[in-house]
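Each of the next two complexes has subunit A plus one more chain, namely subunit B in the first and subunit C in the second.
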Partner chain A sequence: MEFPRDTPVYEVFAQREALSFPTHVGSVRASSPEMALQMAREAYFRREAAYDVWVVPESAITRAREYPEVLPVAPEEKTYRLPGGYDNAPLWKRFKAEAQTIEQVAEEMAAKKEGRS
Partner chain B sequence: MQSREEAFMARVQSGEKVEVMDWMPDEYRNLLIKQIHMHGISEVMGAYPEREWVMKAPTIRRKLALNAKIQDEIGHGQMLLRLAEDLSQPYGRGREDLMDDVLDGRVKFHNVFHLEAPTWADAGVIGFLVDGGAIITQAMLLGSSYAPYGRMLKRIVAEESFHMQHGESVVLALAAGTPAQKAMLQGAIDRWWPAMMFFFGPREMGASSRRMLDYRIRTMTNEELRQKFINRYAPRIQALGVSIPDPALKQDPATGQWSYTDPDWDWFSYVVHHNAGPRSADRLGLRREAHDGLRWAREASLQAARHFAKEADHGISAGYAGL
Partner chain C sequence: MMQPTTQQAAALKTLVIPMADDEWMIGHRGSEWLALAPDLEEDLAMSSISQDEMGHAELLYEVLHGLGEASADEAVYLRGPQGWRHAALTAAARGSWAEWVVRRYCYEVFDGIRRKALQRIPYAPLVAALQKMDREHAYHLTHFQSLVQTLAYGGPASRQYLEEAIREDWPKLPDLFEWGGRDEAWVSWDVAALAPSMMRAAFEQVVRQDFAAWQLTWPGNLPAADRAARHHDNSEFLAALLLEMREVRQVAPTSGW
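Presenting the complex of A and B:
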């Protein structure tokens, strides 16, 4: 077997804080996953902190763009599936009640939580 | 000296988050499995009452919306079961076991999904009140000490936003409709209100729920959640010209606290512990049918996975082979 000229590629994903999702930031070459983490630290985190960093061998990734039949696209109208597809506010107003959004519920619950601690 | 367990408790109580690979006390792991497993299975079982109304939805748009909502619930079930599977790894239990548990009565699901949904108004009120109640609980759980649960709930709550608007839209249309439609809505509210009072659990929480509070798996008591729910929904229901079937329902102007009639705790509790609700057996029957009927597909997937692994061992590309 021919000896490879380069070390393998690892894709780097970083998570900024506990409740955020890992996001792809770039890639590195390294001899092992541990080395890839070291390289990622040098290449992408010279300034900012991260909650977690993932390195994934490039060869382990399968991209949907190479298989267009499974790529999620939204050609048809899907407003029935979205909160914006429902205009309830005028009817709530007619019944003299307040319309509500899920963001308001989330805010109320988070405010309560902070009040406790 | 502080024990490992005490140090862990101090960590979560100071607001630190826990990941699946972190060391955690067995008690914490078991409480998480109990909570997330039940949550995931309830999402799956929650699809069944609404499924009954897909075929009978009054317009094509309502049919599409109801169908989309059911797809979301099953999707949420999948996402949550993945979390429960990761936590169950030390016990050697995977997806198949966690799904079997509901059929064998080893995991409970929400009381509301054991009940009948005899009219179209019930389909609407499930979206309005059951999803409304679930959203309040899930918004509270966004602050959970278990970070994978908190992250997953972010995605789930974002999708529930459509469920909330859809449920309200159906209910508003009926409230603004003919006398027959208004009567249908009143009937559904009469059926679902006591079930929603049970939904948040007993006034005095059980031992494991209290431990979940200690560990910050959850951040509010049953009663706090129920009060949030009543405060949000009672005025809206009354504004619709629909009465709430509870003469004791009243808000204390000084404290803001609502008094209410206790639901039949013993009956609902018996229903969830013994799958003894009016529709429990039928819906579990459909679940069993789906589970058994698709066993061949799961077995074929396992065969295919073995085949791919073997090819990878032999240096053949183990990539995606197309559909």
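Presenting the complex of A and C:
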């Protein structure tokens, strides 16, 4: 007996408003793109409206996982790209706690710079 | 027409009861496909469409209630088999998936024609109900056209199921076009489009066009309707359906659901 093949998967994207980005909301199986739109409507938009809905055949998507050299990995060895060295936060906290004047803070920072404190 | 005369109210009932009952029955039978549709996506779609139909039936029962008929709950849960005026096709027992697709497609085409004809009757509550129904039905028709098309081009086996289903449903179609009441009901509105012969012709025109597009053989002219169209007085089949439909409510008939 020949078993029927599964219908293709379509990824569903919804644009909630005219100026918002289309966001992935899920996927459906359907026999055609038009059918996929109908199925998406029932599966994801029964209680809410959308400005537009996109369906994209899963097969049309190129995945970075298949090309490891371009897959973005956590930049462990790229600390130079991470923001750091901005240690004003504790000073701000103290400024607020002690009700210092901004001149006092500036003086303190200048002293720190000159190695006075 | 703000307040219809007794005669007008009787005529309106003759026209609206069949539509309300059709919508209810097709929704009820559709709900039986829950968990049985070919895939999860269609299961959701079909359940949602069936809920829409039951909602439309409720709207129409409310219109009838305004004309002096029983409430929606009473119409559905307490009315005897002799009071129902749905077409045989809408309440037929569940068969194959292809049969259901053909049944629903034919019903949507027909129902669109009927709604369009009824919209010309200047009774505000009816016009409002029909407008609300129109919005949802446009999508229903598209959906069932897509499903027929899917079967038509799904390979030889699928096409064979579809053709068998068309042969099976064809003889069940004619009583859709009847009102099941006296002709005076629709004649009195002077809306020629309400005549069964006009609705049949409009139906044939749409379906012929679709069938040609899907390269389906036209099964021949629709047979003539039975004189007892939409009357189910002695139908054991309907009694069984009503019993099943009311089963849960009958567990505690006096409690408020």
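Basically, the second predicted complex is superposed on the first by the 69 of 117 C-alpha atoms of A that agree within 3 Å, B and C clash if a C-alpha of one lies under 4 Å from a C-alpha of the other, contacts with A are read in each partner's own complex, and residues count from 1 in each chain.
Simple rule for what comes next: a residue touches a chain if its C-beta (ideal position, glycine included) is under 8 Å from a C-beta of that chain, and two chains touch if they have at least 3 such contacts.
Because the structure is predicted, anything quoted here is derived from the model rather than measured.
In the superposition on chain A, contact is made by A:7 with subunit C only, not with subunit B. Looking at the shared chain after the overlay, A:58 reaches neither subunit B nor subunit C. Once the two complexes are laid over each other on the shared chain, residue contacts for A:31 go to subunit C alone; subunit B is not touched. In the superposed model, A:18 makes contact with subunit B only, not with subunit C. In the superposition on chain A, contact of A:39 is made with subunit C only, not with subunit B.
Subunit A is touched at more residues by one of its partners, and among subunit B and subunit C that partner is B.
Against subunit A, in their complex, subunit B makes its touches with residues 15, 17, 19, 61, 64-65, 68, 135-136, 139-140, 142-143, 147, 150-151, 154, 157-158, 160-162, 164-166, 168-169, 172-173, 175-176, 219-220, 224, 228, 232, 235-236, 239-241, 319-320, 322-323.
Those residues of subunit A that touch subunit B in the shared complex are 18-21, 52, 62, 66-67, 69-70, 78, 80-83, 85-86, 88, 91-92, 94-98, 100-103, 105-106, 108-110, 112-113, 116-117.
Interface of subunit C with subunit A (complex): residues 39-42, 44-45, 48, 139, 142-143, 146, 150, 154.
By the touch criterion stated above, subunit A contacts subunit C in their complex at residues 7, 28-32, 34-35, 38-39, 41-43, 46.
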